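Two complexes come next, and they have one chain in common, chain A, joined by chain B in the first and chain C in the second.
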Partner chain A sequence: MPKLTVDGVEVEVPVGSTVLQACEAAGREIPIFCFHPRLNIAGSCRMCLVEMEKSPKPVASCAMPAADGMVIKTDTPLVHKARRGVLEFLLINHPLDCPICDQGGECDLQDITLFYGPDQSRYTENKRPVVDKYLGPLVSTHMTRCIHCTRCIRFLDEVAGVEELGAVQRGEHMEITNWIEASLTSELQGNIIDLCPVGALNSKPYEYKARTWELRKTESIDVSDAVGSNIRVDARGNEVMRIVPRLHEGINEEWLSDKGRFLYDGLKKRRLDRPMVRRDGQLQPADWRIALDAAAARLKGTAPERIGFVIGDLVDAETMVLVRELAARIGTPNVDCRQDGSRLGYGPRASWLFNSTIEGIERADAFLLVGTNPRHEAAVLNARIRKRSRQIPMPVGRIGAAGIDLTYEVQDLGAGVQTLSDLLAGGIGFAKELRAAQNPMVILGSGATARADGLAVLDLAMRVADEFGAISEGWNGFNVLHHAASRVAGLDLGLVPGQGGGLDVAGMLAGGVDVLFLIGADELDLSGLSPDVHVIYQGHHGDRSAPRADVILPGAAWTEKHGTYVNTEGRPQRAKLAVMPPGEAREDWKILRALSDVLGVTVKLDTLGAVRARLAELAPFLATPDVIVPAAWERAAGPGDLGFDRAPFVSPITEYYQTNAIARASGVMAECTKLRLAEHSIKATGTHG
Partner chain B sequence: MLKWLSFNALGTWLTTRFRGELVGQDELGNRYYRNKAVKGLNAADWRAERRWVVYPDGVEPEPTLVPPGWSGWLHKRFEHPPTVAPLQVKPWEKPALPNLTGTPYAYVPPGSERGRGQRDRATGDYEAWTP
Partner chain C sequence: MSSAVHIATRPYGAMAPDVETFAFSPENQEEVARILARYPAERQQSAMLPLLLLAQEQHGGWLPQAAMDHVAELLNVAKIRVYEVATFYDMYNTRPVGPIQVRVCTTTPCWLCGSDDIVRAAKDELECDIGESSPDGRFFLREFECLGACANAPVLWVDQDFYEDLDYEKARAVLAALKRGETPKPGSQTGRQASMPVGGKTTLFETAPESRPANDEAGA
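Right after this comes the complex of A and B.
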């Protein structure tokens, strides 16, 4: 390990560190623009210059490997002069936009100029004009502000895996461009907005909407997929102005998928803001008393086994505790949290978790993807797999729809169950590669489990994991990738029919119930539902289910309540209330609590604390936020002879930007969808060869 | 006579009565006076020429109702009253409007609910769902 002296302090840093890291280890702050710890080194901005003994010129510390015996000085007149000079050059062509720039207040160039920069400009000539580029509906550009750090290019190339930005010309004439005017196609493109150290790349939906210092920042959790990315919800007044990622090494590092970042404008559209009751065939506004009475009257007048509860994809664990308690008090066994028809939820907990954890991806050395398209189901997690595939040569096999670009190399093994059993029997070449791996990883998506033979596929996949050494001391390579934020909490709380012979979603929809209680469940096909079924809908958006409802109980969206979400790894995390629910909408667990009173089966949970205590009782492994309690490996009992379905596995996500009620209400997401469809049709007509 | 006094201060009445020289009258009945000036005095001198208007009896005094030509003369922008030198009106000039405050034509800032009957978008607005 090299030992260096930084400003008279001796530090020892790991082999392969840079001088910049050594300076940071010594407690020195070095201003940087182009360096980013998660991207390759570019060394293009020269902001990080430091003085090194025996070197005639200052050196760029971010690009200089630390070596034994270096003597670095970061606080000498030479260094100060170098910094001032670099900044003066950068500012030559940087416009004086700060008062109207969206980056103002969180701009690296502003901050660094304040601390290290010259106090005045000696430049009187014209500044360089640059044409703004069109990058699609999410990222807006102000290219005169660009300082050519190339972070955006490097991010798209390295992390997102799409080579869509580049630089043309050199020196002062350098421009960041996408060659052909078209929108970016990555699901992670929003991150270049955060990466850009100046205001050259901004969020288009947020453009000129607020200043950073007006925003109230609330820590929360992303619910657009089951990864549970940590986010910060920035609100002004009672409106969510933007969503940005927070750092969590175990989950999203510092990235966020575009759906999670940009769906928030859906929070302002199609909101259910007052209770409604159907009268004379029409849904009409009512007050809470009337709506709760109407719901309770129907629930009371129906035999318990003719009542069904379905839980949607955005529901928090607290609400599910209340559903569970309420259903138990009413006495109905028909509760299901798997509206996509998934078969998971029976047997050991390890059979529905992402057991190796997301961080564990970086220890894996072979992947088998079964019935999943991680790029759309969990974009941030897909970036981790790509990151791993750049670290070591790594075989990735896929069983399911072929030809979908996952941003890393994939071998298509086959389409359905047959291939999986062939693999188990060793009849496929990939079996050898999988067996050779130290830590192989099997990722089972809902395309493989949300079908009639889901349990048999699950069993097969678990046997594959066992067979190929995915389960060993300190390594559990069997993973289930969910795409619904509420799913794992629901399964952990046992919200599946089964014991007592309850009906699952399909059974309920096929006429098994007379009263259907939907809690935020919108991904259901209600068209076949008999008109006599009374539908109670509790949720926040007038999406697919609300028009069919007979009673609407307006609930809160995830930014409007304190809630616990459990991600696909089984990691409980808390989202906090950022704004108040609109109109008369209430937090969901409180609605169910009030309903239980009207029904005369009071659930005695009166505070959020009490609900969470009950949650910890029901599912002890969800008690501590941000702690994963690993599930012991145990194969689910054989499902008997269910028989396999020969149909290929299909990923449940057909339209990435439209997977939940909030995204479907969002105008930004609708525009993205339109663009994506347009692009597909261009490709389909063959102009791309 | 007394009614006239209720609208005009006694001082104005006396000045008009003893020193005022009627210059003219406009179509609204406002009458314009000046005093007999001592020539060659600084304008700040109280004996220099002063010009004033007396509003007609029984009408609420309203300075913005003074027509532009007369207004210009009152403020000594023009040397001669419009009776002598009529105001040149350019074709692109709009007619002068009196003060509209308190009338339905009064100015309302954009975004005010009184203006278009609806207010502008504001932070925290949302669209409610209707079946």
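Right after this comes the complex of A and C.
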């Protein structure tokens, strides 16, 4: 470990560190633009210059490897002069439009200029004009502000895995561009907005909407997938203005998927903001008392086993506690949190968790993807797999739809169950690679479990995990990748029809119930539902299910309530209330609490604290936020001879930007979808280059 | 340069049009194979520069996007990586230009010896400005940094040939000949041999020995 002296302080840093890291270890802050700890070193901005003894010139500390005996000075006249000089050059072509720039207030160039820069410019010539580039509906560009740090290029190349941005021309004419006027295709492109140290890349939907210092910042959790990315919801008044990621090394590092970042405009559209009751065939506004009475009357007048509850993908754990209590008091076994028809939820908890944890991906050395397209189902998690594949040469096998680009090299092994059992029997070449791995990982997606033979596939996959050494001391390589934010909490709370004869979603829709209570369940096909079935819809968007409802109880979206979400790893995290629900909409658990009173089966949980205490009772492993309680590995007894379906595994996500009610209400997501479809049709007709 | 690039032969046609698709001609495909063979399998993208040059020569002096895309495909790299390289280097033209490339050196030695006149002569004769192609689309005029022929300043570089010791009239004469489809004699236009002193030689008056060492010619 090299030992160096920084400003008279002796520090020891790990081998391979840079001088910049050594300075930071010594508690010195070095201004940087191009350097980013998660990206390769570019050394292009020269902002991090420091003085090094025996070096005639200042050195770029981000690119200089730390060596034994170096004497570094970061606070000398030479360093100050160098910084001032670099900034003066950077500012030569940078426009003075801070007052209208969206980056203003959170701009590295602004801050660093304030601290280290010259107080005036000596430049009187014309500034360099640069044409703005079109990068799609998410990222806006103001290329005159660009200082050529190339972070955006490096991010797309290294993390997102789509080489679409580059630096063309050279010297004074250098420009960041995609060359062809096409939108970026990454599901992580929004992150280049955060990475840009100046205002060159901005959020297009947020453009000119607010100033950063007027925003009220609330810590929350992303619900657009089951990764549970940490986010910050920035609101002004009662309006969500933007969503940005928060750092969480165990989950999303500092990235966020585009859907999580940009779906928020859907929060302002198609909202259910008052209770409604169907009269004379029309849904008509009503007050809460009337709506609750109407719902209760129906529930009371129906035999308990003819009542069914279906829980949607965005529901928080607190609401599910109330659903569980309410259903138990009504006496119905028909409760299902798996609206996609998944068969998970029976047997040990390890059979529905991402047991290796997301951080564990960086310890794995072989992957088997079964019935999943992680790029669409969990974009941030997919970036982690890509990160790992760049660290070591790593075999990735896929069983399911072939040919989909996951941004790393994948061997397509086959399409369905047959391949999986062949693999178990060792009849596929990939078996050898999997067996050779120290920490192999099996990732089972809902494409494999949301089908009639789901349990049998699950059992088969668990046997594969066992057989190929994915389960060992300190390593559990069996992983289920969910794509619904509510799913793991639902399974943990046992919100599946019991083995004792409750109906699952398909059973309820096929005429098994007379009253169907939907809690934010919008991914169902209600077209086949008998017109006699009474539908109560509680949720926040007038999406697919609300038009069919007979009673609508307006709930709160995830930004409008305090809620616990359990991600695919089984990690409970709390999202906080950022804005108030619109109109007469209420927090969901309170609605169910009130309904239980009207029904006369009072659920005695009156405060959020009480609900959470009950949650901790029902599922003790969900008691502490952000702590994963590992699930013990046991293989459930085989489900018996269910017979396999020969159909290939199909990922549940056909349209990445349209997977939940909020995203479907969002204009930004709609535009992304339109572009993606247009691109596909161009490719299909073969007129593309 | 000892590159084996196939140079299109005169007379040139007009400016090459943009194309939707690009493929190397059969002769050039052999050349592509030869170029690719120079680099190890995992370093194939090192062949980008010579392949781009070959594509540009084949396409009459400039690189349409289709050609860059084709090179990207051959090398299995992202298209933007090829655009970056093609725009970085001065000798690739990524917009349509005339096939006969006329470059005037305007760096200090040439400038002191009157390169302003040469620029004027080229503008007058080719009827276009710096960075433009002539109206007939056959010539592309541009300024260039030092061509390394300072002893014979000012210099004009046309395709593979240097025309040296120019003045306004001589430059026009050279370009006029090129316009007629002739190939003027390259080198000094004042009759001076190579870069001997302008006033005749001042040394080496002895006659050359009968037998010269063999290795003298090898480097020529």
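Criterion: the second predicted complex is superposed on the first by the 686 of 689 C-alpha atoms of A that agree within 3 Å, B and C clash if a C-alpha of one lies under 4 Å from a C-alpha of the other, contacts with A are read in each partner's own complex, and residues count from 1 in each chain.
Heads up, the rule we're going with is that a residue touches a chain if its C-beta (ideal position, glycine included) is under 8 Å from a C-beta of that chain, and two chains touch if they have at least 3 such contacts.
Remember, it's a predicted structure, so these values are computed and weren't measured experimentally.
In the overlay built on the shared chain, the residue A:Q169 is in contact with chain C alone; chain B does not reach it.
By the touch criterion defined above, A:G237 reaches chain B but does not reach chain C.
When both complexes are overlaid on chain A, the residue A:W179 reaches chain C alone and has no touch with chain B. Contact with chain B, but none with chain C, is seen for A:M276 once the two complexes are overlaid on the shared chain. By the touch criterion stated above, A:K268 is placed in contact with chain B alone, chain C being left untouched. Contacts of A:K204 after superposition on the shared chain: neither chain B nor chain C is touched.
When the two complexes are overlaid, the chain among chain B and chain C that reaches more residues of chain A is B.
In the superposed model, A:R324 makes contact with neither chain B nor chain C. When the two complexes are overlaid on their common chain A, residue A:P547 makes contact with chain B while staying clear of chain C. No residue of chain A touches both chain B in one complex and chain C in the other. Residues of chain C that touch chain A in their complex: 65-66, 69, 77-81, 83-84, 87-88. If you check the complex, the residues on chain A that touch chain B are 236-239, 267-274, 276, 282-283, 541-542, 546-547, 579, 582-583. The residues of chain B lying in touch with chain A in their complex are 123-131. Looking at the complex, you find that chain A touches chain C at residues 163-170, 178-180, 689.
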